[in-house]
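Next come two complexes, and both contain chain A; in the first it sits with chain B, in the second with chain C.
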Partner chain A sequence: MLLDYDRLGWLRAALLGFTGLVAAFLLLPVVFIVLLSFGSSRWLAFPPPGWTLKWYEELFADPAWLEAALTSARIATMAAILAVVIGLLASFALVRGQFRGRNTLRGLLLTPMVLPVVVFAIAIYAFFLRIGLGGTTAGFVIAHTVLALPFAIIPITAALEGFDKSIEDAAIVCGASPFEAKLRVTLPAIKIGIFSAAIFAFLASWDEVVVAIFMASPTLQTLPVKIWGSLRQDLSPVIAAASSLLVLLTLSLMIVTSLIRRKLSK
Partner chain B sequence: MTEPFLSIRDLRKAFGSFVAVHDVTIDIPRGEFLTFLGPSGSGKSTTLYAIAGFQQPTSGDVLLKGRSLLSVPSHKRNIGMVFQRYTLFQHLTVAENVAFPLRVRRRPDAEVKRKVAEMLSLVRLESFGGRYPGALSGGQQQRVALARALAYDPPILLMDEPLSALDKKLREEIQAEIRRIHRETGVTILYVTHDQDEALHLSDRIALFRDGRIEQIGSGEDLYLRPQSEFVASFIGNSNFLPAEHLETVNGAATIRLADGSVVSGVRNDREFRHGQKTRLMVRPEAFRMRPGPATAGLAVEFIDTAFFGERRRVIARTAAGQEIDVRPTSDMAQAQEGIAPRGQQIFFDPAAAFLFPA
Partner chain C sequence: MSGHLLHRQPILRTPDGIGGALPALILIALFFVVPVVALLLRSVTEPVPGLQNYAILFGDGTYARVFFNTFLVATVVTAVTVIVAFPVAWMLAIMPPALGSIVFGIIILSMWTNLLTRTYAWMVLLQRTGVINRTLMDIGLISEPLPLINNLTGVTIGMVYIMLPFMILPLVGTLRAIDPMTLRAAALCGASPFDAFRRILLPLSLPGIAAGGLMVFVMSLGYFVTPTLLGGTSNMMLAAMIAQMIQSLLNWGLGSAAAFILLLVTMALYALQLRLVGAKRMTGGI
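Right after this comes the complex of A and B.
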């Protein structure tokens, strides 16, 4: 092969260096935020003059932060459940269905991923204001479900495409109704895809900020919105602490996911 | 007349303008092992899937004990089926797989347990109940699939090329298992394959499909010894087709002239051919003899090559007209083993064991 890694010679070192730079570029901001959240300077100075946990203390002392985190979790959970259920039904139609406009429908369902988020946010904000959903949990969940749907549909359609329909047919010949066959045979077979869909959909809502800013009201704020709001008021290291916790939660979710996936695929 | 157990009447399946199955009619008695044999795309699987309920036929009917199955959804037809691909439920153990059809029928636990044990012993996998399908070989998986398909005592078992994913040795082993299970359970089996050896080995009767129609139906012997068309003759067993000119047929015995000018009489023929009409004479490779017999005809050939296959030897010969033919003498082995003979060699065949087909 032309680009065989073992035969790249000196290019190999260059490649490694470049990869390292890209990784550093992506990771360093996160590292700095985490370091700053433990720094004693009020002004986010780096390197910090000393180390402290007081920003975390402040964070946990303010019920508004906790409430924002719980709101985020609640909305993300509901959006993930809705996105998985709708995504599952849509995936069956997209993979198994034989109707005109199937590819168009697939494209349509995936548009939230390619559409500029701000465009989507303004559109849905205007629409929800008119029908009275602005600033409500329901509006928030619906908006995030739309955003999360592509992240649910992609892994589920992939799993369903890799599943041999003969197995479902075998269950039907065995006497299971088509619905029972899907429930007892097809769903267990694509459970990894469904699980991935749930995690990705949850994360898509969990750290979403643009649509959330439009959907939020003074009484309904998700964690990213709260961070954004605080950032504009005062640049306190509490924000760094909140961000670090956000990163920590996302990171642990990813780790747990990969552990469970490994277990499921055994 | 008593009605047949399973009856396929004028079954037709069209996909747009393409007709996959052309008005197929078969009556199948209870307990028969019937094989649908044919090349791919000949309509054999489509016919099977129509019986299973996965294909809605365009017209025609499928009757089980006189009752039409077509309005019955697949899961209520109570038919057993083994598929070409592995269709075990990967998240269930072998025992749970076999129990699945009984569980969806809400049978009591004790009966499920007893039946699963009975089925696993039928396919000789008693000790595999607790394993997952992923830990089984392909042959074992298909045996579990067979046990699962028979667990609810279906009146009919459909098998769609169940052995095509297995290697030759394993295939033969499981063929023997299938025969034994058919004998022991007495279930009516419809079996689809494109492998003529498999069909001959397993079946009571074979329906040979071609382009959506049944070309000939009968026992393996019927199809082999009395092929009704050149297609049947070439699909079942090996055959040589020699161009021949029809001279006359008297009382079912034809006289023909071969390409090298030699005249052969006594060829079995029940078709109407004109004098001088071009025909093809079919001679099985094993019908050739190295020595003349009482009523044999001779054919001048030159031996080109010979290969040893253990139980028999295959000789490639070239006729005087330059056509290569396949010769597998069953007797006169000693002579055949002498290898390639000089020019001017003659081989012999019984005209009554040869067939005449339209060119």
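Right after this comes the complex of A and C.
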């Protein structure tokens, strides 16, 4: 009875009401920030005394914001490509390999997702200072690839586990080389997994704050570092404008993802 | 063509070996394991070899307070998250798909929105002159603004907000896997809805609650951004203290000792979680 939606009775109304409240709670900060970015009050009064676009003008007038966004996009793209390629190769070994310690290896490769980022951040910061990669794009990309790797491995291994290997073997029997069979049979079959991996890996780097705070230099800072720096100074509405653009980006990413997933699964 | 086929035969019998994992293994060994181990070594070698850094951390009341704060916040956040997430996951598991996809959409939007953006929103909402205090004062519930930010209340609200999706999403999977027949049977045998909940639904969803709860607890212990921005300087949590020891105080010995304690607790709980649910179930969130 408790798991039959149509037979819950009064309990259903109560639970639906509660779910609605939680959904509103989850939506509240996102909607609030977007509304605030159009409000005319510098002190973030709400409801705003009037509406304006001046925070967006201020945002675009300061080239540091755009530069930080471009830096973030560049680093996140490179980290996502590396994580997906390395993660794809590793997934074949993790799903199909028959060697001792396979589960241990899986656990090890997923550890960057579990270890508190602050521990990794100071460790890689110290390490890069020593080997001369501190404050460089290469250093950023390497550190973010490490953090993004688990987010690439999880969807790809999941997709690969759902794929019947005998189809790939059939292609080999029909004369394809093992590489060709993987490229033309297996990869198209697990493309949704690879696509999810790319999105998650990109976001893992794009949103990353803690490693970025330690790695950033005056000449190289990502968007989260720029926001972090502004937040520590004051709660300027310009941050609300930047944040709203990030919300817009998230929304478009969600729509594109669901469209592509729908298309790919046809 | 047939010669070609014969030539390829042996490969059919060789499964994919460990080879493909080599690039990942090298990346993780060189840029994850080595730096972390090197950092932990500093905790027993700086400023002089020995365990003095750990003696300082465990001997000083200031640090004890940080440890206490961290565990307190993680515990409260986990408890609140579980209690709030359960009814939502329950509804999501059985809701008509059209309605459910709206709620799922909101959860994903909140989860994918930039972490700093969400934290910034809570900083504005919770401040002394923020919307929440103004509203409560306008309707006459309070006469003075409540201190909602720069204390552990603010940290808890912000953290619960961030952790909710991580609890709801895996729990939906657990609840969907329960056969509704078991609950119909209970009702037929005369169990009241409360009894059916307490003796069937709750026990059957306990593995999901334990897995999600442990994940939220572990993530909360080491969280840096939200506690730092919402907690203020006088309510520091462990991750913020570690960052401060390294960044502002340049005390690498003490900072890496504190990092080692955080790592040890996290890894112990991670191992416990793997035993409870297995490596695959744990990642049901994504």
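The rule we apply is simple: the second predicted complex is superposed on the first by the 264 of 266 C-alpha atoms of A that agree within 3 Å, B and C clash if a C-alpha of one lies under 4 Å from a C-alpha of the other, contacts with A are read in each partner's own complex, and residues count from 1 in each chain.
Rule of thumb we're sticking to: contacts are C-beta pairs under 8 Å (C-beta built on N, C-alpha and C of every residue); 3 or more make two chains touch, one makes a residue touch a chain.
Just so it is clear, the structure is predicted and the values come from calculations on it, not from any experiment.
K.L.:
For chain A, which side has the bigger count of touched residues, chain B or chain C?
P.N.:
It is C that touches the greater number of chain A residues.
K.L.:
Return first, second, both or neither, reflecting whether A:I172 touches chain B, chain C, both chains, or no partner chain.
P.N.:
Touch partners of A:I172: chain B and chain C.
K.L.:
For A:F120, using the defined touch cut-off, is the partner it touches chain B, chain C, both, or neither? Pick first, second, both or neither.
P.N.:
In the superposition, A:F120 contacts chain C only.
K.L.:
Just chain B (first), just chain C (second), both, or neither: which does A:V185 touch?
P.N.:
first
K.L.:
One more residue to check, A:L66. First (chain B), second (chain C), both or neither?
P.N.:
Neither partner.
K.L.:
In the overlaid three-chain picture, which partner chain does A:L129 touch, first (chain B) or second (chain C), both, or neither?
P.N.:
Touch partners of A:L129: none, neither chain B nor chain C.
K.L.:
Just chain B (first), just chain C (second), both, or neither: which does A:Y5 touch?
P.N.:
The second partner, chain C, only.
K.L.:
Common interface residues of chain A with chain B and chain C?
P.N.:
Touching chain B and chain C on chain A: residues 169, 172-173, 175, 177-178.
K.L.:
Could you pull out which chain A residues touch chain C in their complex?
P.N.:
By the definition above, chain A touches chain C via 1-5, 11, 15-16, 18-19, 22-23, 25-30, 32-33, 36, 43-46, 86-87, 89-94, 96-99, 103, 105-112, 114-127, 142-143, 145-146, 149, 151, 153-155, 169, 172-173, 175, 177-178, 196, 200, 203, 207, 209-210, 213-214, 224, 227-228, 231, 235, 239-240, 243, 246-247, 250-251, 253-254.
K.L.:
Which residues of chain C touch chain A once you look at their complex with the stated criterion?
P.N.:
Interface residues on chain C, with respect to chain A: 1, 4-5, 8, 11-12, 15-25, 27-28, 31-32, 34-36, 38-39, 42, 84, 87-88, 90-96, 102-103, 105-110, 112-118, 120-125, 127, 129-131, 134, 161, 164-165, 175, 178, 180, 183-184, 186-187, 193, 196-197, 200-201, 218, 221-225, 229, 239, 242-243, 246-247, 252, 255-256, 259, 262-263, 266-267, 270, 274, 279, 283, 286.
K.L.:
Can you name the residues of chain A that touch chain B in the complex?
P.N.:
164, 166-167, 169-178, 180-181, 184-185, 188-189, 191
K.L.:
Of all residues in chain B, which touch chain A in the complex?
P.N.:
52, 54, 73-81, 83-85, 87-91, 100-101, 104-105, 145, 148-149, 152
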